[in-house]
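Below: a set of structures, written as structure tokens.
After this come two complexes, each holding chain A, first together with chain B and then together with chain C.
Right, the complex of A and B next:
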């Protein structure tokens, strides 16, 4: 049942594998060589940026990415099960992350190389510092900061709004820099 | 030693109980007029345990490439002393073993210098975060922390940034952000507003000054109280401390009084300064303690600091809400001097921003380095198989611009343990090419010296069956040569004693002796000895190696005199750990006697165990 996974880096439009059903907002910036695979639908909200070579795999379930998100290079978003993977709004996913989570809350930033275990649920406005790992099935409450080896603390700095604004500025900047190849994925 | 296998540590000569200045002579050119230097016995001594000797070779062949008959006589005189083997398990040895990367080389002493025998001098203090150089007077007055705007997060030790407390919407953001400000950790999102009471600053600059005003912990008040008390007492006795001859006599009197057990206090008109202790050294406020207990009951253990955080802060905070931002510790740039001759070995550029060095005499550029790797990739270094012959490739790399001839000596059995392993270097003498330009080798045709050298080594080594390549130089390239070393570990029982002494750790001491021809040092005052040398070395080296002989003869004709220089050091090769015996592997060669036969005095079994190894006697 599972369709063959696309080779990484192969432009989807030229690939022989069928794309999963995509429902992508017209304001989304889709870069070159994004890999969409799987059979479940993939939904992407308004004003979101997908960097080149990020991989969205909906073999096991649907993927929903909210609005005003950034998904960086070499990051894999893999739906864990039929309930799918939901990214809230204002989610920043940095380079080289592996995300197998069930839910990532609004305003969360997942930094470089973080690994999110299967079906874990991340709350709103969390920060996962570089190279941190979240075990399978873990539930992180809102405003959790994961840092160091296994340290956690609650973020009471009240900077969530400021970070969302920074993210918007970041998106504006990327929209000027990255070429939009959205037409390649229209089928 | 905790480093992963294999490791090679070089023994700095400072581990021997000889005066450093005497050891200086060791690297001097051998001259027949000079008396043998301190290092000479260990250099040229035909150890009964060396494999070369066991094979029945003449000492003149194995060691005497440059040694004269004169040297041989001296060697015989000192021969009865069998204590020349370097024992890596000797307690004293551990202080002097360093990887070659950690070693420096003194050009004037011609000697390796380890971190123990160099002297550090601070060139400058600087903040690693803002790279601002801090003058030493400020360090003395204000402490060794950055006094500008560099602060670290007390939670995760990342650098803090200044942020306005109230977030102004993007539309209204003006060029100058409006206060108040707090310090924000962009890694773990800690801010100074999290504190109780929150620290908020009016200005985004000169943070240290603002924080200094804010910090008024009970500890600070206590310190101020103590300081005032003692300053008052000091003020009463101020006239005694005036910079006068009387004050000096008084001080000297104090010391004299200490020396004679208080008897010096009477008479002589010496007045001892009487200081009164403060009445209540520490004030404990009852309410504050109760408050802390209540807070702990409310917030739980998660709100308390860990030991590291408590120690790192002067006011010993108990709760996370009491932590303060920590100013960045300053770092230093240091120059290093040789302790023996006071010459500078390392001198960094005094500007903080540059990472260059003005002087940097690292040992890697001066002494040939030894490397080791497995010849058979199936060997697992952490569990060597007892009774099996493990072959390793020992590579000597030459950093010098002159070709060198190398002799490697090793005890036949590893010393310092009750379970010695048998070690054989199959080709202990060989040549290593000069460290010439990489392209020289490629542009020139093949060197004729290499085959000549190889045959010479074959004749020197005992003919044995098997691969001829293993018997001779295994590989020879531009500036490195590899030879084969065979190790046969013994069977070691897994008992408590062997674990305590770590008998399974297999360390092989190897004595590396290097000879080469170098241009005569013009500063060398010992000119006569230097001049008489080339002819001598020409005679002795002619028979051994073709390459060396040709270079020597060309040097003899050269008006620019060249001299024979030798250098030697002990190194310790940590090969690995001996594993459990494996079925089917029996002693393949007649090498199993753990106890050596009678008549071959090997030092190791006589002094078993690292704890019982006596310190080497001082040789005058």
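Right, the complex of A and C next:
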């Protein structure tokens, strides 16, 4: 008997290629048709949610996703180099983002369609508004808010703890709504 | 050999691309004569959760007639915390709604005769009234209300122009439906 394969077309390029080494916490919710590609290890922390059709590419380096994160559909996480891509805890990544960063700090939210350039480093508790872009190699300090075309400011609202709490409620809600297909990715 | 056509046609005249991604189809209502192109994603699975024993309508996304969802567009019900409970809320689209390529829609209500350009982001719980044009690349902030007969542009989106009274005729999509 052939080993169970991912559904053809679900993950176009990686459906026939072997999966990269995965180290995924049992409490992670993996949806249908997530594409894991590359050869470096991918680590995902507890309670994280991956929506259908998100792509994780570890061809250039390892990917580490922290605990209590949400990665939405059509988002690509690409490791920029051998040092890899590290997502902290409580990171919310919305749809259509392209993330080529080296680090995203704890409590940061990356909103719809943001593009993070190669090896940029995002601090803790930042907010990247929809369609914002971060240039290659840029370093954003903690509590930065990127908004409008090119505007920046510091978030002094002191709501980081409340945001994390909302994210936990969001994760709880998604755990009730989304089916867990984690067994599909077990090898 | 007969070529499989790209679209599957339903009884009510909806044409849905085989390459589109429709999740939670039991929570989606298409009014008829709606076209859904390739790589379009509709998240019907993000429905409203209610405590057990309560009756709730299971509709997450309702789409009217003659709507056109272009390639790579995405419909996603909005979510928020209300009375201490984080939840998703239903999304409703009227008739003759055009959604451009790569746009992400998280609105609560979109009226009829609305044209949304390419690569727009419509924020959570936005209410768009009838006869509105949204230009390419517009980002509409969450919870905004766009009045009727307006043209919206920019990042963040602002009303830049008023549309004429004949806007509904310009924004009608019956002809577009026939081309697919």
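Here, the second predicted complex is superposed on the first by the 174 of 187 C-alpha atoms of A that agree within 3 Å, B and C clash if a C-alpha of one lies under 4 Å from a C-alpha of the other, contacts with A are read in each partner's own complex, and residues count from 1 in each chain.
Throughout what follows, a contact is a pair of C-beta atoms (placed from the backbone, for glycine too) under 8 Å apart; a residue touches a chain by one contact, two chains touch by 3 or more.
Quantities reported herein were computed from a predicted structural model and do not represent experimental measurements.
Once the complexes are laid over each other on chain A, chain B and chain C both fit without any clash. After overlaying the two complexes on the shared chain, residue contacts for A:52 are found with chain C alone; chain B is out of touch. In the superposition on chain A, A:127 contacts chain B only, with no contact to chain C.
When the two complexes are overlaid on their common chain A, residue A:145 makes contact with chain B while staying clear of chain C. Residue contacts after overlaying the shared chain place A:81 against neither chain B nor chain C. Between the Cα centres of chain B and chain C, as seen from that of chain A, there is an angle of 30°, stated in steps of 10. In the superposed pair of complexes, A:161 makes contact with chain B only, with no contact to chain C. Once chain A of one complex is fitted onto chain A of the other, the partner contacts of A:136 are absent, as it touches neither chain B nor chain C. Of the two partner chains, chain B is the only one that A:153 touches; chain C does not reach it. In the superposed pair of complexes, A:169 makes contact with chain B and with chain C alike.
When the two complexes are laid on top of each other via chain A, the two nearest Cα atoms from chain B and chain C are 5 angstrom apart. In the three-chain superposition model, chain A touches both chain B and chain C at residues 129, 148, 169. Every residue of chain C that touches chain A in the complex is listed here, in rising order: 21, 23, 41, 43, 45-47, 49, 74, 76, 79, 81, 85-88, 102, 104, 106, 119, 121, 123, 137, 139, 155-156.
Those residues of chain A that touch chain B in the shared complex are 127, 129, 145, 147-148, 151, 153, 155-159, 161-162, 165, 168-169. Against chain C, the residues of chain A that register as touching in their complex are 52-53, 73-74, 95-96, 112-113, 129-131, 148-149, 166, 169-170, 172-173, 176-178. If you check the complex, the residues on chain B that touch chain A are 155-156, 163, 167, 169-170, 184, 187-191, 193-194.
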